[in-house]
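In order of appearance the chains are A, B, C, D, E, F, G, H, I and J, and numbering begins at 1 in each one.
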Amino acid sequence: MKDLTTDDRLMTKEDVTTLILIAKKELGLSWAEIAAKIEMSPVFTHSAAMGMNAFPNDKAAALVKVLNLPDAAKPVLAESPTKIWEQAVPTDPCMYRFYEIVGVYAPTLKALIEEEFGNGIMSAIDFEMSVARVKHDKGDRVKIEMSGKYLAYNAW
Amino acid sequence: MKDLTTDDRLMTKEDVTTLILIAKKELGLSWAEIAAKIEMSPVFTHSAAMGMNAFPNDKAAALVKVLNLPDAAKPVLAESPTKIWEQAVPTDPCMYRFYEIVGVYAPTLKALIEEEFGNGIMSAIDFEMSVARVKHDKGDRVKIEMSGKYLAYNAW
Amino acid sequence: MKDLTTDDRLMTKEDVTTLILIAKKELGLSWAEIAAKIEMSPVFTHSAAMGMNAFPNDKAAALVKVLNLPDAAKPVLAESPTKIWEQAVPTDPCMYRFYEIVGVYAPTLKALIEEEFGNGIMSAIDFEMSVARVKHDKGDRVKIEMSGKYLAYNAW
Amino acid sequence: MKDLTTDDRLMTKEDVTTLILIAKKELGLSWAEIAAKIEMSPVFTHSAAMGMNAFPNDKAAALVKVLNLPDAAKPVLAESPTKIWEQAVPTDPCMYRFYEIVGVYAPTLKALIEEEFGNGIMSAIDFEMSVARVKHDKGDRVKIEMSGKYLAYNAW
Amino acid sequence: MKDLTTDDRLMTKEDVTTLILIAKKELGLSWAEIAAKIEMSPVFTHSAAMGMNAFPNDKAAALVKVLNLPDAAKPVLAESPTKIWEQAVPTDPCMYRFYEIVGVYAPTLKALIEEEFGNGIMSAIDFEMSVARVKHDKGDRVKIEMSGKYLAYNAW
Amino acid sequence: MKDLTTDDRLMTKEDVTTLILIAKKELGLSWAEIAAKIEMSPVFTHSAAMGMNAFPNDKAAALVKVLNLPDAAKPVLAESPTKIWEQAVPTDPCMYRFYEIVGVYAPTLKALIEEEFGNGIMSAIDFEMSVARVKHDKGDRVKIEMSGKYLAYNAW
Amino acid sequence: MKDLTTDDRLMTKEDVTTLILIAKKELGLSWAEIAAKIEMSPVFTHSAAMGMNAFPNDKAAALVKVLNLPDAAKPVLAESPTKIWEQAVPTDPCMYRFYEIVGVYAPTLKALIEEEFGNGIMSAIDFEMSVARVKHDKGDRVKIEMSGKYLAYNAW
Amino acid sequence: MKDLTTDDRLMTKEDVTTLILIAKKELGLSWAEIAAKIEMSPVFTHSAAMGMNAFPNDKAAALVKVLNLPDAAKPVLAESPTKIWEQAVPTDPCMYRFYEIVGVYAPTLKALIEEEFGNGIMSAIDFEMSVARVKHDKGDRVKIEMSGKYLAYNAW
Amino acid sequence: MKDLTTDDRLMTKEDVTTLILIAKKELGLSWAEIAAKIEMSPVFTHSAAMGMNAFPNDKAAALVKVLNLPDAAKPVLAESPTKIWEQAVPTDPCMYRFYEIVGVYAPTLKALIEEEFGNGIMSAIDFEMSVARVKHDKGDRVKIEMSGKYLAYNAW
Amino acid sequence: MKDLTTDDRLMTKEDVTTLILIAKKELGLSWAEIAAKIEMSPVFTHSAAMGMNAFPNDKAAALVKVLNLPDAAKPVLAESPTKIWEQAVPTDPCMYRFYEIVGVYAPTLKALIEEEFGNGIMSAIDFEMSVARVKHDKGDRVKIEMSGKYLAYNAW
């Protein structure tokens, strides 16, 4: 990791992420525990902690308190991020599998959404997601639930 | 669509997909109805009908019967496909939104799977998925559920 | 252009686009005139005629009547399209200029939308657009208006 | 953000952008307020502050005064920038939506401009744009207006 | 070359280009001679004959006459083309050299245009170009002249 | 800009470019004036100053004198550069227009060169170029002249 | 290599790799010897030492002991890595040959796996690999063995 | 599949592959059985049947006999192929896993080969490979063995 | 291979290549033999026969005679080709090795050319090449010789 | 150039290259002279000095002596490099010409090698190359000779 910024005015989401990871390690907290303490979901908490989403102001304040972050981190956590991913196709196997699922099933998701709802899409903005463990005899399973608002195409 | 092949020995998954789409239109069936008739899920039924998955032999036979497809279609439906998508990043908005969700949340899914299960991934092979409509006051929502077996990395 | 399909069951949006262009030329109609006849905007009419949007059923019927298209074209015009563009960066100068505007101004649009509305985006689905000519002494100008619903990011 | 340059001769547009963002935060000004103080539009003000456009000399001087920037920032603000964007296809959802609009509608904009004006394009140089909020019962809307000079292709 | 279209309603710029090349060969005319006969420059004549520019209506008519093309070619020659090049970087050595010149000298052209004219660009639309042979002792030289209108960036 | 190197043995073309830009600003010289002082063309002078060409030894010495550069800059200015451009397609509008001109007209330049000279190319090495302002009633124009030696393909 | 981090809280897998390489050189150990000392295979040991796999906790502790690494390295070695490779197609000849083997033989591996096992894949997660030298008269050979669990596609 | 060529002089490897696949289906043979009949390995037999390798002349003759192919297929099977794969990164999951293994482990293979053999590579030309099923309590495994000649870099 | 064109006016270099390959097979000639008969080098003969170079008129006539090609092939063989290669990085192993040699050694070739000749390049136009077999105890070697005119950069 | 490393344990091939270039300049030696002093070819010497090849141990020692490099450079010079080139297609004109030669002639080299040797390739590993000046009346020429061992494809 790059050195921590010493000038608070130059603190970025990347700096705050570094501070969160250090605090998380020192306090021995899991993402689920941090999320519980600020009363948000683990998915959103991790994502916003990584700088890919913006915390609501009160949640930013709560996180700063829970992890003893500097005050200057608060507005940074609440800023709208510019969401950038460098790899159009992720190489990490755990991440690639989700890319692969989209590659194989996106035409199917499209067809079934259109059949059920009409001409439109599932929103990725008015959206939420969870991850859970499901016990299974032949090996536990990862269960992912997504919920996104249906948006109909406008015709004018 | 390209012209239908007249030589059965040259019939491909693409040809069978064309025949399925014509039959589906003429019979006025939805994907959900076709799926119900062959007792499979709509997601798998559509995906295999599009040539992105292989029907088990009995299901291939059932589909041929339900849609009055030629017999030569049966082994083609049961063949293992080579799964190809041309666009590394899909342009269709409905499909892109799923790519975007992966872009934004893949690091989060990875972190939470590792926190809960250990060093490993969610399988995209021992995997299933469903799509459903959820009523909501501010507009109905698309609910997607994925379930994949957790696979631990081997260390040797 | 490719030869016209003679088997109605195989008619695609691409075929219908060809039929529309032929009819438009023979009838000597402009896009604005066609749009007026079916009581839709020129932007949406052209886009759906090109196969990049789906006509509502009544408008599909109206267009078939206005341009004397075959009946088989009606359901094709109303089908949800898969929106594909081959060139990630368009080479045609008229189209490139719009790409360039997005390249230069997208960060600005993002900043001003966030400043005014909060953390969210302008929808490209619940969206409409118009093009108009504005007289000007130093040369007439193209005026483009876009209107998209503001969608706030969900935090959960 | 990178450390601020201490040698004025090496000050770049990127440095000045950092200084502007710090000053904006400390003074608690919005882009609209800064734009009003220097009597320019918010779109141009933000874009030039980000280093994607050049301020006219008097506006550069006004901005330096309003935000208490060092004098060395003035000529840097007025320099012609080299406009670079790293991502041919932007990943940020708010920015991507504009890319998507161009992908879907550029052929339509081209066709309607040619129908109305003749063989030519809308300039992206002799160009201006605004963003506004429009109240709406089903949720407020973002309104974007673009105006660019029509340029006819030369034939020689 | 692909077979010639027999249905005039489906004639494209690509078909007309094929017809022009056949006629040119049979009549034994050079591009310079064809250009002279229709009183346009060789550069524009070749470019429009290749489908990368639109002939003015009278010039389209003249070309049809000079080369004995079918009447259906006239409106096709006058249509606005969609200018597409497949290779972002051309491989043909003669074409690559021009790409290389742009790669090496574009920053210089930009700097000198800005120094002389101010913040703006040279138009590629209100533009013309010629190619000529210049005798030289150490080997004749290709002389290319470009003239494009200076366009100043708007600031608003 | 990056900090200036203090170890002369590590001085690079990039360092010298920085020194040239600082000196140019402090002395208030234009590229045309610098070029005149060292008796070279503005195009070559700018290009070599940017590190995209190598100055002849005497010109390197002249430039060092005119701009009061350190002696260590002299051999660096005369070194053969490795010509690198990062963007296969430049995004800056002023630079993109030249790329566009090549995209549209390279096949035409190739055809006319071959018609006039035979099977070969215009050299980009034994090459020179100038930029000039041409007065015009409807707005001044940029005039660019290129001259490159014709090279015939060898057949053996 | 970049400078070593002095703040243990910021230590990354990249830092630990650097420390391992230094220790390996100073102790004069081969990868095979290091692997033997921690009772793992050379392939896994090297891969995890490079930060492309995670050591089990006891092996991380063993490696720290064998190579006299700082204690802070232990949890870093046991962390799940994000596996990233920059070059989609590796340029190094030794690495490229493996890419080439996949390019040429992947369709064959797929066909033979499906013929023998059914519709499914070889896991790259429940996977192991070895490299060995095989004596041969005409020059020794590299023998690579891979073993991955067969995973059947789910049909639901 | 494309229609079969009727002119023997135009028969290509692609045509022969089609003929092989038809014959294989009609004769109900597996790749392993075909390979046994011509006394080659299944990997090489499949690969050469797909047109990615050249059969020795006697094996080409044997295959023609075993599968009742036309005589014109014999020289085509023995021709050196131009090995082309369209997807730099394969999308099919079964094929992608091998790409992923190379992405993760290529640096390790390189390091261990160099440690054992010296500065050089494993040949992909003087190379062979096999695929086998290995029984396993927790699920059978795919075993792949590669053997390639070590080639030392020349230093001169 | 695609079907042969029956309309001579539409004959392309690709058609002629097909005719050459058929004739070469039927006459049982090697490239070296064909080259000898028309008194050109094998490299140039093959390259021009593939449509990547233009035969001088007399050589085109000679080739037509030697291979009994139709007269319409003569001007096609003498036409300047547009040299296109689809794969920026060739996948065929034999072709890739040459790409690899350029990747590894191009900086070296550049440095040694500049050291010996000055600031310039080796021409790829005034260029020739040969391929030969060299006997060697440890296995015969391929010897390739290239000769290209040195071209000095112009400074003006 | 980046600053020189002061910690010998972190010295990389890149650092050593910098030291070599400084020493070469201070001693006023050409690559040919350095090569002669260590009794290797100029091509290999430059390439290994640039970090694209590994010096044999005795040659590494010789180079350290000739150029007065620190002892720590010796093992670094003898390490196997990871050969990386960033630009799949080089932009520098001198380097591009070699890429172009491969683009145009690789199919020809492949065909002639196969005709002469059989189904196989020229090795890029058991390989050597030289560059020389050849006097010529119409301008001196660059002569490049490559020699690579022929490797036959294995069939098994």
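Throughout what follows, contacts are C-beta pairs under 8 Å (C-beta built on N, C-alpha and C of every residue); 3 or more make two chains touch, one makes a residue touch a chain.
What you see is a predicted model; the values in this text were computed from it and never measured.
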item	value
Touching both chain F and chain I (chains)	E, J
Given chain F and chain G, the chains that contact each of them	I, J
More contacts between chains, H-I or H-J	H-J
Inter-chain centre distance, chain A versus chain G - centres from mean C-alpha coordinates, in Å	29
Distance between the centres, which are taken as Cα means, of chain F and chain A, whole angstrom	47
Length of the line joining the C-alpha centres of chain C and chain G, rounded to whole Å	50
Per-residue overlap in chain C, given as positions that touch at least 2 other chains	43, 53, 82-83, 85, 89, 91-93, 95, 100, 103-104, 107, 110, 114, 120-121, 123-125, 127, 151
Chain pairs in mutual contact under the definition given at the outset	A-B, A-C, A-D, A-G, A-H, B-C, B-D, B-G, B-H, C-D, C-E, C-F, D-E, D-F, E-F, E-I, E-J, F-I, F-J, G-H, G-I, G-J, H-I, H-J, I-J
Interfacial residue positions of chain E with respect to chain I in the complex	1, 3-4, 18, 22, 25-26, 87, 91-93, 95
Interfacial residue positions of chain I with respect to chain F in the complex	40-41, 43-44, 48, 53-56, 59, 80, 82, 107, 110, 114, 119-121, 123, 125-128, 151-156
List of chain G residues in touch with chain H within their complex	30-32, 42-43, 46-47, 50, 52-53, 83, 85, 88-90, 92-95, 97-117, 120-124, 127, 129, 131, 133-134, 136, 138-150
Chain D contact footprint on chain B (complex, rising order)	89, 91, 93, 96, 100, 103-104
Of all residues in chain A, those that touch chain D in their complex	5, 7, 9-10, 12, 75, 82-85, 124-125
